[in-house]
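Consider the two complexes below, in which chain A is the common component and chain B and chain C are the respective partners.
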Partner chain A sequence: MRRYLLSRVAGGIGTLAGGSVVAFFVFHLLPGNPAEIIAGTHASAAQVAAIQREFALNQSLVAEFVGWWEHVLQGNLGVSVVSNVPVSHLLAQTLPVTLTLIGASTVVALAFTLVLSLGGLRKGSVLDRIALGWSVVGLSIPTFWLGILAILLFAIHWGWLPAGGYISPYSSPLAGLKSLALPAITFGIYMSAIFTQFLRRSFLDVMREDFVRTARARGLREWQVVARHASKPAMIPFVTVVGIAVSTSLGFAMVVETVFAYPGFGSLFVQAITTRDYYVVQAGIMVIVAAVVVANILVDVAYLFLDPRIRYGREG
Partner chain B sequence: MTVPLAPEYRGTVSVVRDFVTRTRERHRPGTPSQRVIVGALIVLVLISVTASLWAPYPASAQSGASLAPPSWAHPFGTDELGEDIFVRFIYGIRLSLLVAASTAVVAGVVGAAIGMAAGYVGGLVDSVMMRGVDFMLAFPTLVIAMTIVAIVGPSTATPVLATIVVSIPLFARVARASTLVERQKEYVLAARALGASSVRIMVRQILPAIMPVLRVQAAIAGALAVQLEASLSFLGMGVRPPTPSLGAMLNTARQYLSQSWSYGVFPGLGLFLIIMLLLMLANSMSDDGDAPLAKTG
Partner chain C sequence: MSGAETSVRPASTALPEPAPDPVVEVADLEVDFAVRGAIGHAVRGVSFQIRSGEAVGLVGESGSGKTVTALSLLRLLPDRTTRVRARSLRVAGVDVLGASAASLARLRGGAAGVVFQDPLRALTPTRRVGSQIVEVIERHSGRSRTQARLEAVELLSRVGIPDARNRARDYPHQFSGGQRQRILLATAVASHPRLLIADEPTTALDVTTQSQILDLLLDLQQDLKMAVLLISHDLGVIARVCDRVLVMYGGRLVETGSTSDVFRAPGHPYTAGLLRSIPRLDRPGAVTSAIPGEAVDGFTQVVGCAFVPRCSLAAPVCTECPELEDVTPGHQAACWRSELVT
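Now for the complex of A and B:
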């Protein structure tokens, strides 16, 4: 079990290292001198030289890379060219907003999913067909279009909810939840389409297993079979998907946040790419890499609880 | 002149007749639902490709008042520049279909080649290639695509390049997994015993065997590509403004939602239609009517 965890953590560190190389070299692939890109178009030669010295950009690539890592480990991610604010401050401002959104969307998605996936208990049942249709339709609707439809209906036509913006639900709960409702539902519907597809599939497979037949033969009621015997193994592939979805949701957050003018990490990253805000993009890629790595490790830990084969050292 | 058949030949006749009917069936490929889906896609292709012949207005020219509601002259209304949304919608569909087709074909060929080589050769080649594939699959596709846009710069070709790059690992993974299964089989061993080269075995024996899986993946990749191009254009990183793209149209529409509902509704309907047709096609081609679609994000 310890070896299992260690190998997963080592793999995560490998991904993190690879991701940092990508984040670092992205801007070396751009035409032009990185220091000039960082300094912006209006910088003087002296400013460019100062930036070159500060971030060791005039040395060899390897020395530069090491210097960059030293800065990162000290929490110095550079300063945004566009707003002149340290990147670490920008992240501290935007990440909680986005994490709140992702959290709320995941709750919405799981609520939809758990109900619909029960359709997977019996193939071809009405609920099963609804679940299958839901996953195809949900995956086919572009997230930003769903957001636009939601704004048209709930904000403009009926005027029930705000069309965009963010109010912290921690300081003013009611207004905060209202501002969170449309983005979280939009995002949650997309996530639930992915989740439903997998959990349904997973239930269909598990219900065919021998141990389910055995449990039935022992005279257990159907809900007992599902609750005690089928649900845990059905969760194993599902947990993987939730892990992947939560980490890739940082990508989707960009689209959803743009639709609803949400001042989160996604909007920050999109803006940084369009304005070529060097350090913000670099830090953004690192945040996404770190999120992917952490999510994967959490998934592996979840396996320990769900799959006894791994717990007892026989990797299945 | 009819020759009476001896009883022992009657079996042969029915075998021949079965063979003939079965060949006739084979000329109409696919299940009924597949024919409907493919037919709908072909109709979309024909309508959008011939648009310049029949469309009442050019794609980017003022043809009415700005942000007019739907009417007989402008069935989907007009945009903020007074351009006809319906015409731009049709051209947008053409772009989406082009992105889907080129991604499915180019990423399919490259990805299948990588996956088959990794699966057939094995060893170091396999582990190096698959490490790279896994690394790419770990990241949100949109983030990879955006990074490519940041490096290459936005243009009409950039989103296509980005969708191709992010789809290659998906094909490679699927092709490798199926190749590992096929290479064990006797017909491959037989071909090798006959002295066929590795390349010949891959192209002539393994490729036809894994084709059904690749076809499903191609439909999924097409859907993914449409979604990704639309997302990039929606974020202002895709096709540049005068060229009609459904995603870019929705990005502009977002600013005028309180003035025009039709601008925000119809372009998305086009995307929805194309993506759903492709996903349904993928579903109908996979064995259990339920293709794994998760990696569309």
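Now for the complex of A and C:
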């Protein structure tokens, strides 16, 4: 069990290291050198040279990479070229906003999913059919379209909810939740379509297992069969899917936050790319990679709880 | 039970109190199932009884309907895709087809325990083996959790799990295949049922382990005075455990009788063929089926005797469907020409 966790953490560190190489070299792969890219197309040679000096971009690549890592380990992620604010400050400002959004969306998605997936217990039941339809329709609606539709209806037509912007639900709960509602539901709907598809499949598979029949043969009532015997095995593959969805949700946050003018990490990252904000893009890539790594480790920890075969190794 | 005195299995000669009421009473059981629009017939009219304390074997090739018959007894088949009909289907006094969900749940695991073939898959992998026994005791014996735990540990050591007190906290994957089948047996008999249904309980195990599990099964049967319905395609297993045998082919019973009668002088060519194909210990796995031709499945249209295409004795009369008839008293076969069977 300890070996299992150590190997997962080691794998995560490897992924982070790999990600850092990508984050660092992404600007070096583009034609021209980073200083020119940062300076933009209309910059003079003097401006480019100044930027090169300022960002120490005139050393060898390896020296530059090592230097960058030294700074990163000291918590210094550079300064935004565009706003002149330290990147760490920008992240500290935007990440909580995005994490709140992702958390709320996940809650919405799981709520939808759990209700719908109970349909998976009885193949062909009404709920099961809704779940099946849902997982197909929900997946094929583009998130940005759904977001815009939600704004048109709930914000503009009915005026129930704000069209965009963010108010911290931690300082003013009601206004905060209202500002969170549309993006979280839009995002959550997409996630729940994925979740529903997998959880439904997973439950249908497990309910056919021999041990479920055995549990029924013990005279347990159906809800006991599900709660005691089917739910954990059905969750095992599902947890992987939740992990993947949550870890890739930073990517979707870009779409949702852009549509809802949400001042989160997604918007920051999109802006940084369009303004060629070198250090912000680098840090952003690192954050995305770190999110994937952390989510994967959390999934592995969840396995430990769900699956005794991992917790206690093979033969006893 | 006329053949009991001469049964292959000596222990059964002295059943302590021959309770007369049948534990299982099946009349004209038919099971149909729907697969992609087509209707198949897994069981096509089966009648038999099992008396208290009696061990009955159900034998037949793969697909003959043994499992479906056994599952019907407790209505464990998927409701949506199967239809079970019978003139009478009673288990431990419960009218299975008319029973409410609650009385069905009391019957399952209460008066009737079940052991399935594959012990690797029949125990819930994410639940401690102790809890899987405890839940049966709690459910059916109304004991407190603490009391049920004590009984579960006792039962585990009774079925031969060493260090039961500690092992009760382990998960199924931490046991060997044979041990898992022992644990499964423990869960099935935890409520002291009147009937134990064992569907190929030893098929997945190696020969030595098989034999130990059969010993345990016999032991438990005598201890708890249970009736047993033992399903197997291995006549050797049946001979060792059962007083009486039911032979199934194409969803019908083609022969019934005391194990000794049926084994000594089979009345149906199919049974005779099965007897010739008993796997031999000196050549394990050498024989799967010595009967030539393909078995009937649920979708085969059957007119007359289903065995015609594979039968060396087939004659014009066989285009009519033979019913079970006495070969000798208490020994019946569904064959027009049973006197010719060797």
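Note that the second predicted complex is superposed on the first by the 292 of 316 C-alpha atoms of A that agree within 3 Å, B and C clash if a C-alpha of one lies under 4 Å from a C-alpha of the other, contacts with A are read in each partner's own complex, and residues count from 1 in each chain.
By definition in this document, a residue touches a chain if its C-beta (ideal position, glycine included) is under 8 Å from a C-beta of that chain, and two chains touch if they have at least 3 such contacts.
Note that the structure is predicted; figures quoted are calculated from it, not measured.
Of the two partner chains placed around the shared chain by superposition, chain B is the only one that A:A245 touches, whereas chain C remains out of contact.
In the superposition on chain A, A:T94 makes contact with neither chain B nor chain C. Contacts of A:V289 after superposition: chain B is touched, whereas chain C is not reached.
Comparing chain B with chain C, more residues of chain A are touched by B. In the overlay built on the shared chain, the residue A:S179 is in contact with neither chain B nor chain C.
Of the two partner chains placed by the overlay, neither chain B nor chain C lies in contact with A:S20.
Within the superposed three-chain model, A:T106 lies out of touch with both chain B and chain C [touch as defined at top]. Comparing which residues of chain A touch chain B with which touch chain C, the overlap is empty. Listing the residues of chain A that touch chain C in their complex gives 122-124, 209-211, 213-221, 224, 228-229, 232-233, 306-309, 312, 314-316.
Considering their complex, residues 15, 18-19, 22, 26, 29-30, 132, 135-137, 139-145, 148-149, 151-152, 156, 163, 194, 197-198, 201, 241, 244-245, 247-252, 254-255, 258-259, 269-270, 273-274, 276, 281, 285, 288-289, 292, 296 of chain A touch chain B.
Listing the residues of chain C that touch chain A in their complex gives 74, 76, 80, 101, 105-110, 113-114, 116, 118, 121-127, 135-136, 139-140, 170-171, 173-176, 184, 187. Chain B meets chain A in the complex at residues 135, 138-143, 146-147, 149-151, 223, 227, 230-231, 234-237, 247, 250, 253-254, 257-258, 261, 264-265, 267-268, 271-272, 275-276, 279-280, 283, 290, 292-294, 296-297.
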